[in-house]
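As written, the chains take the letters A, B, C and D, and residue 1 is the first residue of each chain.
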Amino acid sequence: MDIQKTEFKRCTVVKTSGRIDGSNAHELAAALKAVTAKNMYNIVFDMTEVNFVASAGWWVLIDTQKTCKPSGELVLVKVDKGIRESLNLVGMGSYFCIFEDMTSAVGSF
Amino acid sequence: MDIQKTEFKRCTVVKTSGRIDGSNAHELAAALKAVTAKNMYNIVFDMTEVNFVASAGWWVLIDTQKTCKPSGELVLVKVDKGIRESLNLVGMGSYFCIFEDMTSAVGSF
Amino acid sequence: MSTQRFSCSLHNLEKISDFITACANNAGLSDVEVYAVQLAVDEAATNIIEHGYGQECPSRIDVTCEYLNDGLKIVIYDDAEPFDPSLVPEPAINVSLDEIKPRGLGIFLMRKMMDEVVYETSPDKGNTLTMIKHHKS
Amino acid sequence: MSTQRFSCSLHNLEKISDFITACANNAGLSDVEVYAVQLAVDEAATNIIEHGYGQECPSRIDVTCEYLNDGLKIVIYDDAEPFDPSLVPEPAINVSLDEIKPRGLGIFLMRKMMDEVVYETSPDKGNTLTMIKHHKS
């Protein structure tokens, strides 16, 4: 799993691509923990190139959101329609602000 | 001259397209003054679709930069090669931070 | 009808997904329906590998796609210990972020994503999970 | 060689640019060289309209493109009052933002952008500005 991080003045953008499932969710968890461990709690997760998120992936993001709040927040960018619908179906859509573009996400911090 | 403004939490993005010359530089000036008049001194000027800037245009941007600093700053995004070279040639390149992409520009505030 | 056998590693989740995605597309499901099938099958296979086989991987998972007139039937077979889903509690949904407890969404998601989800198990014949997705129209 | 006449409105700057851009492309100039010609001509035409004719617009500007073996020659003619560029002070360049004073960059830019810039003027024959841009190689 290839994970890129970009630090901006007020937030860190984390980006990966492809599938997030039971085989690699722990890698994403480690990458996000490395960010919050530096007390950086404003995180933008760029999902432009993510095409699948199993519940194992959502638990990682929910866990990160719990760590970030209330001092900061994890927000999502460019969430694919199918992914978004599955998130809403289990009532988890309300845990994340979802932005349509990167600029708006970074500009929200 | 079509000018779009988008307000983010820490900065305002101003975007136009085409030519900035003696015939329309005053329109850009008015749009930028409307931003600084609201005490918003962090401005990103999106030049992705700007293909020509005469000195009349640079004076507007320099004037805005003087108003913004030191409380804020006017930064430029996606400056075309020819435009950038002409700016450097007259020693004005140093007046502006130039970003390659929107996210970095907005993320700098 | 088409069956593929996968060894029980989490690293095969993507291969399983590729297989059932092709089936779901062939069955004429819409993009959102295809995603629903992908998610349900992924959660099911993950459970079998993690909970059923306990990551021990002595065996395999058989996935069968069967085209129906109005959609797709997927059968997932494993020979791990018998699993009785009626013993699994319903997850708490629509709770606040503070209250939510990790895990326990897989089976719930499968039921939400698919039109039918049936677990059959017997000590000698293993576990058979049958899931059906109908087209919308 | 090709000449076009433009009425002296700032709104014609774009048309003037379109004309000389086509010439510069035909002359085989590179993108950066074309931009240099666009900028020099735009500054020159703006000066004629703003300072020469003082926005009064009683007359016109003639722009001529002439292809050279090694580049492009542009001649801009107006019949406004005679203009003597030797009276124009050099702008202060590379000063800090606080110190920079607006305006006075046009002629400087023209000279930087073009290889030759020659002003000729006479009370009866008007002002002729000749600018040459050579290709790099």
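Just so we're on the same page, a contact is a pair of C-beta atoms (placed from the backbone, for glycine too) under 8 Å apart; a residue touches a chain by one contact, two chains touch by 3 or more.
Keep in mind that this is a model prediction, so the values were computed, not measured.
Colleague: Please give the intersection of the contact partners of chain B with those of chain C.
Modeller: Output, common partners of chain B and chain C: A.
Colleague: By mean C-alpha coordinates, which chain is most distant from chain A?
Modeller: That would be chain D.
Colleague: Please compute the C-alpha centroid of chain B, do the same for chain D, then give the distance between them in whole Å.
Modeller: Centre-to-centre distance between chain B and chain D: 25 Å.
Colleague: How far is the middle of chain A from the middle of chain D, if each middle is the mean of its Cα atoms, in Å?
Modeller: 54
Colleague: How many angstrom lie between the centres of chain A and chain B, each centre taken as the mean Cα position?
Modeller: Between these chains, centre-to-centre, one finds 32 Å.
Colleague: When you check chain D against every other chain, which residues touch at least two of them?
Modeller: Counting only residues that touch two or more other chains, chain D contributes none.
Colleague: Going through chain B residue by residue, note those that touch at least 2 other chains and give them in order.
Modeller: none
Colleague: Touching pairs of chains, all of them, please.
Modeller: Between chains, contact exists in these pairs: A-B, A-C, B-D.
Colleague: Sort out for me which residues of chain C touch chain A in the complex.
Modeller: That would be residues 9-11, 13-14, 17, 31-32, 34-36, 38-39, 42-43, 46, 49-50, 91, 93-95, 97-98, 100, 102-103, 105-106, 108-109, 112-113 of chain C.
Colleague: Using the touch definition from the top, list the residues of chain B that touch chain D in their complex.
Modeller: 19, 21-23, 52, 54-56, 58-59, 62-63, 65-66, 69, 80-83, 85-86, 89-91, 94-95
Colleague: For chain B, which residues count as touching chain A in their complex?
Modeller: Its residues touching chain A are 6, 8-11, 13, 102-104, 106-109.
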